[in-house]
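Here's the structure, in structure tokens; my notes come after.
So that you can tell them apart, the chains are marked A, B, C and D in the order they are listed, and the count of residues begins at 1 in each.
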Amino acid sequence: MALDKNGIARRIAQELREGWYVNLGIGIPTLVANFVPEGFALEFQSENGILGMGPFPFEGEEDADLINAGKQTITSLPGASFFDSATSFGMIRARKVQLTVLGAMEVSDRGDIANWKIPGRMVKGMGGAMDLVASADNIIVAMQHSNREGESKLLSACTLPLTGVGCVKKVVTDLAVLEIDPQRGFILLERAPGVSIDEIIAKTGGRLIVEGDVPEMVL
Amino acid sequence: MIRKVVANADLALDGLADGMTLMVGGFGLCGIPENLIAALRLRGSRNLTCIANNAGVDGFGLGLLLESRQIRKMISSYVGENDEFERQMLSGELEVELIPQGTLAERCRAAGAGIPAFFTPAGVGTEVAEGKEVRLFHGKPYLMELAFDADFALVKAWKGDEAGNLIFKGTARNFNPMMAMAGRITVAEVEELVPAGMLDPNAIHVPGIFVHRIFQGAHYQKRIEQRTVRPKNTPL
Amino acid sequence: MIRKVVANADLALDGLADGMTLMVGGFGLCGIPENLIAALRLRGSRNLTCIANNAGVDGFGLGLLLESRQIRKMISSYVGENDEFERQMLSGELEVELIPQGTLAERCRAAGAGIPAFFTPAGVGTEVAEGKEVRLFHGKPYLMELAFDADFALVKAWKGDEAGNLIFKGTARNFNPMMAMAGRITVAEVEELVPAGMLDPNAIHVPGIFVHRIFQGAHYQKRIEQRTVRPKNTPL
Amino acid sequence: MALDKNGIARRIAQELREGWYVNLGIGIPTLVANFVPEGFALEFQSENGILGMGPFPFEGEEDADLINAGKQTITSLPGASFFDSATSFGMIRARKVQLTVLGAMEVSDRGDIANWKIPGRMVKGMGGAMDLVASADNIIVAMQHSNREGESKLLSACTLPLTGVGCVKKVVTDLAVLEIDPQRGFILLERAPGVSIDEIIAKTGGRLIVEGDVPEMVL
């Protein structure tokens, strides 16, 4: 059965490693924070200027001066720091953030990503996404395998304007975990519980490599 | 000590004229110069170019200046959540230039640091790169980006002193420090204005040399865009 | 929280090898990492390239590593006040690259901000410009300068916490923050190391993400190079 | 009579204006601070990271963490701030400092300055001088009119390696105050008390413009 959003987030949380600074994008990526094991040595960075971001505040304790990049009220944990936007993107460009999790509209089998603009529709802007994808060594995309029209979002080439080129390392969808090898394409690592390889093949545009037994995710 | 205090927001905007380019601090509605935006609306200056990460919301923040048709062009990284903005943009009344957020921040910082241009990886291979010089360093492509040039910077800090020194709180810092450094005339409104000598000189975020005019703002609304909470007694 | 504490200076230098490039914080003898320099001398690593504004004095600061012949090359802006330095430089034992102080600072900052190159007016028309690209912006010439690349950055702060956050005091800040941001491995020694949560997150000068190892130093000498005073009861 | 060092500093202090941030170099320039009128609204910047620099400390109150660019112990005044070297040179390059006073070995009649290197002698480095002269709108050089060999330090072209090109606006020496017009040369504005125009002409290399009555300095 295909994963729901929390399932995707839960699977991505398995990719986290102690000692990492992690930037979570808006949407499904934000949910990843809910699945960090207690006491795990990890810090969340939000590009509007905080390291050591904590959970949402208790009701009545919201602080208008303390938000994340999705403009949600947040808290800070012991050891947190605040800084300006230039310093924030400085640490992003200097590759001090070990993992970035982003949503996407399309991902290509070479690791290109499109997630900011649909021609003909109102364009809201790229925010920090272009800086993040141009700089991160480790980018995981969290998204649905197909769009609302049932078309694959994993393609041989993005049709929408790009956010970044050859930068996505891994994609976690409602159906599968895929690694991107720019030479070979999407390499199927894991299937969602009960999802068949055939279904994934049918729903994946772009080159898909299926090698040996592809295990089910263990959530 | 060089005293930077002016009496109010209106006097702080002295010299701000039609057609000028302004930087306006804040991320969403967090850390925006509420008093200066209100004063600028009363002042009625038109054909403004605003460099600001976002464009406010309907009826608040820069949304107030969009309503009154004072802004000709926005240079921002993200402009959602604003119907009037969308209407003006789609009708062609408003010009919009979208640039990556880190590039926006660094172009402000460059202006305040006397660096006319720098290279960044953001936007390589995308339409942001169109018309820009691409250059390889260590085999990786980067875009050349230019420092901004702003007639006025309007920023908001938590505390400030008579000498123009500024301290920010939490994530309300965001773009304010670099914009403060970048403005040809920088105007700062603060929640609390204190005499020189009351702020720890080690804790200053923006040295007073960058600030030309400072005043204590009033009636801060500090609206929250996305109020997200967890019920009390929830375990962390 | 990611804990950065190591037990002592020696462990903090783990992995530092012969031939590496180091950044070393401080301006003159103000804000230098005394414990790390001492540990590095004991460690005996050789053929080092040091990026540091100055080269210490005879018998203190980087002068200690010059005495023991551990430094192959200095990249600095000003290197007076050091007989052993002068001897090694004139005899050709020591390679010296002199660059403008602001360019030194900005090349560190660029490294820590992921900016591979930038333009500065410093040195245009002088021998510093030799071999460098000159480009006009707004009709004025600028030199292109590159970000530094350092294997280790050795810095000294006033206070730090377990998460690696740093706070500096007075003019002992100088080059330390940018070097902390620039090191591939950044080691910080602090006068006072406190648990996470004890420092005001608004007052942090270097966020812990930039610091890989931190420890509390001991026996600070904090020598003064030019003790200048006025007698008591002198009017200001 | 030719001015002593304090006389040169005193004359330069007359150039100060309220509201200015001022950077003073090592040597005679440092002495300028002693001649600022009480209550004058002016702040001194030192490029190692302080604005609002005060006088030397009282004996016993020296702080090793509080020095100026000459490495002398100093104090800070109310309204002072400390910052890192990148920010310090940022404000210098961005022309936030209204006046820089520097010593020099040579100045040319086009405003070039040489003050960091004598070929064949030990070179100590340019420190912050190249950044300062490349960025300041208003640079005053404080120096002796002639060197120890009696040769003029005001030349048609510098013979020593340059620190900066076409940047010096004014020179105050033990003999004279001169403005530099890159088209015309050194324009003699004032003579030191009792110093004749002939002496200044005799001791000045490079183009010297003497127009009308040249008044004596009023100190």
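By definition in this document, a residue touches a chain if its C-beta (ideal position, glycine included) is under 8 Å from a C-beta of that chain, and two chains touch if they have at least 3 such contacts.
Remember, it's a predicted structure, so these values are computed and weren't measured experimentally.
Taken together, subunit A and subunit B share the touching chains C. By number of C-beta pairs in contact, C-D leads when C-D and B-D are compared. If you average the Cα atoms of subunit A and of subunit D, the two centres end up 56 Å apart.
Centres computed as Cα averages put subunit B at a distance of 32 Å from subunit C. Here the CA centre of subunit C is 28 Å from the CA centre of subunit D. Each chain gets a centre from the mean of its Cα atoms; for subunit B and subunit D, those two points are 36 Å apart.
Across the assembly, subunit D contributes residues 76, 82-83, 86, 89-90, 92-93, 135 that each touch 2 or more other chains. In subunit C, the residues touching two or more other chains are 106, 113-115, 120-121, 168-170, 201-202.
Chain pairs that touch one another, listed by label: A-B, A-C, B-C, B-D, C-D. Touching subunit B in their complex are the following residues of subunit A: 46-50, 54-74, 76, 82-86, 88-90, 92-93, 112, 122-131, 134-135, 161-166. Interface of subunit C with subunit B (complex): residues 106, 110, 113-121, 135, 137-138, 140, 142, 146, 167-170, 200-203.
Only residues 1-3, 111-115, 161-163, 165, 181-182, 195-197, 201-202, 204, 207-210 of subunit B touch subunit D when the two sit together in their complex. Those residues of subunit D whose C-beta lies close enough to touch subunit B in the complex are 18-21, 41-43, 45, 51-52, 76-83, 86-87, 89-97, 135.
Looking at the complex, you find that subunit B touches subunit A at residues 27-31, 53, 76-80, 86, 89-90, 98-106, 108-109, 120-128, 158, 168-178, 205, 222-232, 234, 236.
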